[in-house]
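A, B, C, D and E label the chains in the order they appear, each numbered from 1.
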């Protein structure tokens, strides 16, 4: 068990490191030139470009840039700016080319919004997905089951952003049933209420796949020998389904759930964009448009770290759910 | 039956290494699946391997057929050392040593027709060039299947028929030694008998040597010349069938024989003594010191924990029938003792 | 005994004992004589949902192939005096606020595009092409990569397996959507260099870039699946038998193991096609998909998203086309999976 | 086996008279509609299980042993199974009974021990809890009391250190211990009938012997009826009182176990015994039954066994393939019934042996 | 400032509201606070202003954009500022007592601070603070995006690197005492009073400067101050208790506060504001109105919409070095103004067609319409005439066998730009040109079109021009003077001509009131004689606001409303 955790940890670290190196290479060594993007259009001459290049640190050899970046991540680093050294503590993701602010500030201040959205959505899709999925599994083969499965498929086939747009427009803007997103500065209540619409639609659409996971997992579990044993004890069918079937059926779902939440933490981008939620996905998208490499990299790195950590957590959690793994 | 030694296995070992964290240290450990066994198989002879689950029977089979590489010891086939031959150098051996598998369902590729399954060995070894189809049909007939079924898929056959196809595949390359790993365990009694008969017939007709793995003592007794009883990666008793069954010396062999239910009880003939072992087989990762059987043995004494008994011939009591009739008989116990009354012996009554 | 009449069908008689007997055993009809693929195919043919879905997919394929023929059925526009063409702009049909002055008509079955005045039906019909091409090509490519790497990792084990598994883990850890959004322009740039390319050339390069990116980030699932399957198949006795016979490794991989993976591979590919189509549309929505003047549903949806109330003819045909195609493909995928694995039946 | 059963087992239970019929199965037919057609897994099965006695049901794989006994506990999916005939458990008719009836009788009147203890125990729940749950389902007691009962049961089935073991998960048990735990689970509510479906097939010989001894000992203490499902005739010889031989979903011979095995009167039973290697050690060839069992989708007409039967030539006319033989007492034998058209099966089968 | 409009390069067709003629220009050196009350105005409420773009920062030294200028005018006071009087923008003293005193030679300007001006924290504003702020605007890092007039006009400004890195003894701007600020110039700068209304001339106390972090909370002097600022996301303003309305001739403080939100989706925001549910009723958005909403704002939601001219003129820039005049005229004849505007998503509310370089709100604007060919007026309208252009090309010696090649870059990572290119290319091809359209990402395009040695022969930088103050000296010299070209930049036409340069020089010497008509004449002369760029359109600004937002008036110098005058009807 400990062996396993250690091995997973090593794997996680190596993956993060590789993400770091490869995103760095793709973005910094890639053909785009952020200095040019920064250089004011009519006043961009050779000196100006050089000055910007220098102030962004892009004049140094790639290896040195990478070392700087790497160092920044683990011990922090100093930036020269306006004749001043600005310290950026570890893990330093660098300075935004565009806003000239620390990427950490840019991203970590927005991360909570993404987390709240992802978790609220997760609550929605887990509740709907699991409840409906179990229902369909128990009623397997009936018209109801087929309707549920069919509906989940239809929901999955419609482009998500079209649905999200419709929700953002009608119930939120025009009919005013659900409040619009507002930042935490306008109060905790309005903030969570404002998250409702994006979380609901995101959760609802994601629940389509959970209905199917849960249903399949439940059906598979119900065909297991130990369910037959449970029935042969003379306990009620409900107990059989919930205490025996559900428990075992949920463990693969828990795995998927962990990974999905991880994926949502960088994948709420469209939702954030459409509902104006100020999360890191939306920030990343804005950075993409502005070719703001440090912010893009920061977002990608945070995403990778979240996925890797969630993976690890899921694996360890799984070993607690399933005693067979725990004690092996 | 000639006296030529076909296969000579000396001190064969297969340890599966794995790593584990203990406390703060990473330690390497081994699953000692096969831990130093020796035996020989002569041309035309059948060696039976019996023992409880996990004692290393299948691993031995896979080592002998070189599907797996030993971590120690040597395997000689017809005098040639094949212990560490590379896959490319094994081609010759692949013709001479063949394997029959336990599971009639997973041992045939469901995507290939019978014809293709049986012609693959011919193709690979370049046998019967141009006349493969005729040879395949011949093989099918040899194992008692309809040669016209050459284009059928395995799913169209019953378990017994599939096992016959598996046997035909092993025979296709005209091997000298067949290693059969529980070839009838998965079959029903009535089918089992058919397959056993077929194997016996082929053995006689083709002068084949067999290593025959089974956990059914009756089947082994019926089919084998010599029997090796394995316990936790070791051979604990080895000898001619008659000796093993009628005058076992090792306590484990005795317990095994005594535990097997016997149909003769129905005829009112019960064995005099019943030995019931307690507990289960220990883990092969960390086998008991000294004699591996000592943890379940009713005779165990201090020496059993410190000293590993070698596989030797016991100083047999002259009065035993086994001694009088001669033949090989080795066992590995510090306190061997012949027991003769563990199996109900009946003459078949009319 | 064998001379006895055998009036009952359905029992297998096996001539096991009498070797050399020429009497053919009775037929045994209970065990149907087909390979697993054939069994799946016959199940599929009986599945009504599958057939309807297949018809829908086929319909879209036909639309895509014969798109020019289809929109040539529209009559000549009385205002412009020309026939519809998915690329020709007709701003004369547009008012000064960018909205079309003409509605749906025999010349423009779905009206014309706001701002540019291009014929919407022509664009819709030809817009089926990118979806289908990207879906199928990317699925084929990712299948080839996934299967190859999965096979190698699963069968060889050891270092190769460790490396490939690591790469799979690595790719799966990446925040793909964001990364793809970032890489598309970078990759286009490295392919196209800077400048010197016209709009048409760029749009073609973008097409290729998209396909490449989609499969480069899409092979891991299948590779993992194949790896797992191969690992278990490798221990299966028929593979051991092939090894014992001396069948070379490559033949074991391709003749013994691969045919047994046909089911999962087909299933995975059939699920990948709609996934890629959806992905392309999403990327187009986010501005990293196809570019002008390519007509694609994803692009049209992105363009028309804000006018769905004001000018519904622009948005909805593409939404419906895309949703229907994706739905049909994924239901078809489900049917295929059911056909291969009847225990997962709905 | 040192069991201290008197302290826990039969308190409060009504007197059990050895020989009373607990289970009476009459004309039981179980069929499954499938894509390919109707699978008649069990047809017209009749048998009785009596208190204090062990009934062995034997037959080759697929002969309907498990299906018939699962029908007793109502473990088939009612929507996908057609069950007709009658199952009377302790006087209660179970065919067509509602789910609640089954819930009540399960574990209290009849319990089942399955073949594969590995997959039959829930991997996520502790062993003690799984046993306690069965007890609590039928007794209004606290969790602690139920758990204490579970520990006692584990002790009873010979698991050393039961207190600790009750707190472990199934995968921490060895195969033999798991099967002991399954038996403990089966007996926790002191049922009148214990159905053991191939309880030792997955086990090694040495462990198998332990388990069979255990079942025998417990039966003596509890005085319940045991149905032992197996395909191993040697096991039957050592443990069973009565025997029912099944072939292709039908019973073909029943009677006293030892008598049947010593002198079978149905060609199929005879063939099975002839196939066993241990009894014919000195013969060059085993006497196998030719062919293999029929498909349940399309049973042979008349006697299902006739295509494989060596003796059908000794039956007058075409009865073997046109007429389903009814149960009848074997001529010349007491307490023996067979389904066979042979006029004098005992003699015919004896002749056969003599001929060799 | 250069036009920020990269994509559409639009021009218009039929004008909507007529631009307010010469509304941008008047001076009132004697204006005094407080600003007269607006009739019916109420105090209270929070005005929410969500809009699409995202201000990069709020450092006063780095500001050059209209949106931040509007926000800063709520919080920050400079030496001078504008007030709106009867639709005209009038320059008035703000922190200074007057509009500056010019020395005889015109090379020294002196401003005096009013008494009693305080920062939000109550500390007094000193002349040194304004000097420090002015110096700070030279820092190449902090003020990278700011204006550059100070470098051109202030003495020694071309080399000065700001207060951190630059020469400590630089004396281009100095405070002779706590109240007096003196500007020393390289050359005459008649419009300096306009320039010192920029945020670069709002005071920054050196002791409280935090360099890069100063932007997180720049000290306010206006009626409002920063309450909460989340860079890139939102800014909340609250009342500044230390603002004294009696010193301020320009500002009101009706709402209790403002809430700016950035990066919002324009269409959703405008739709919501028009629907005016909840907070949307007190919201205002100044992004160009989306065409899908035009039926509403032309219909029953008319009262929630305001529009007017902006400071920008858009032109079709031709490289006169590479395209001979007859061909330039042929391009003007062939140019598909209407199609480009339609494809670019322009609407009747986003621009008005232009025939001149100087927009109508600038003093001296001369209304003329030149002809590219007899009968073909260059009024920024119509879809071009391919046949006539063909004829003109033929006359110049080009035809199907020897087409004239037009080469330009366009943005291929922007959807609208791609669409515009579709129609532009098709029209030019129809007229017989060979079109080489090179699609590049926007950032790349900006570099390429700003390089005078680029491969293009048209559509180079600048695409248009937004004046920085209402005088044509902030339009013609920076776009037609050849200095820019000789320094490695680009101009309209990329053309180097001594006659143009000397004319510019001549007019610049005139006084601010005399300059106007002369620029107007030069405008006409430039187009008729050279046609270095084809006039396309004057950009319009608009606002969409909730039902409770009152007195929204477009500022013709900004293309946006002045938030100082807006009040909320709670």
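Couple of notes before you dig in:
By definition in this document, contacts are C-beta pairs under 8 Å (C-beta built on N, C-alpha and C of every residue); 3 or more make two chains touch, one makes a residue touch a chain.
By chain, with names taken from UniProt: A = ABC transporter permease subunit; B = Dipeptide ABC transporter ATP-binding protein; C = ABC transporter permease; D = ABC transporter ATP-binding protein.
Quick caveat, the model's predicted, so the values are computed rather than measured.
In summary, the chains found to touch both chain A and chain B are C, D.
Here B-C and A-D are compared, and the pair linked by more C-beta contacts is B-C. Closest chain to the protein centre (all Cα atoms averaged), using per-chain Cα means: A. Centre-to-centre separation between chain C and chain D, using Cα means, comes to 51 Å. Chain centres here are Cα averages; for chain A and chain C they lie 26 Å apart. In this assembly, the C-alpha centroid of chain B lies 93 Å from the C-alpha centroid of chain E. Multi-chain contact residues of chain A (touching two or more other chains): 32, 141, 169, 273.
Shown for chain B are the residues in touch with two or more other chains, namely 158, 160-161, 194, 197, 201. Looking at chain D, one finds that residues 288, 290, 292 touch two or more other chains. Within the complex formed with chain C, the residues of chain B that make contact are 62, 65, 67, 87, 90-91, 94-95, 97-99, 101-103, 106-112, 120-121, 124-125, 141-142, 144-146, 148, 152-153, 155-158, 160-161, 166, 169, 172-173, 194, 197-198, 201. Looking at the complex, you find that chain C touches chain A at residues 166, 169-170, 172-175, 177-179, 181-183, 185-186, 189-190, 194, 274, 278, 281-282, 285-286, 298, 301, 305, 308-309, 315, 319, 322-324, 326-327, 330-331, 334, 343-344, 346. Looking at the complex, you find that chain C touches chain B at residues 12, 14-17, 19-20, 24-25, 28, 31-37, 236-238, 240-249, 251, 255-256, 259-260, 262.
The touching residues of chain D, when paired with chain B in their complex, are 60-61, 174-177, 204-210, 212-213, 231-239, 257-258, 260-262, 271-282, 284-290, 292-293, 353-354. Against chain A, the residues of chain D that register as touching in their complex are 70, 73, 75, 79, 99, 102-108, 111-112, 114, 116, 119-125, 133-134, 137-138, 169, 171-172, 182, 185, 189.
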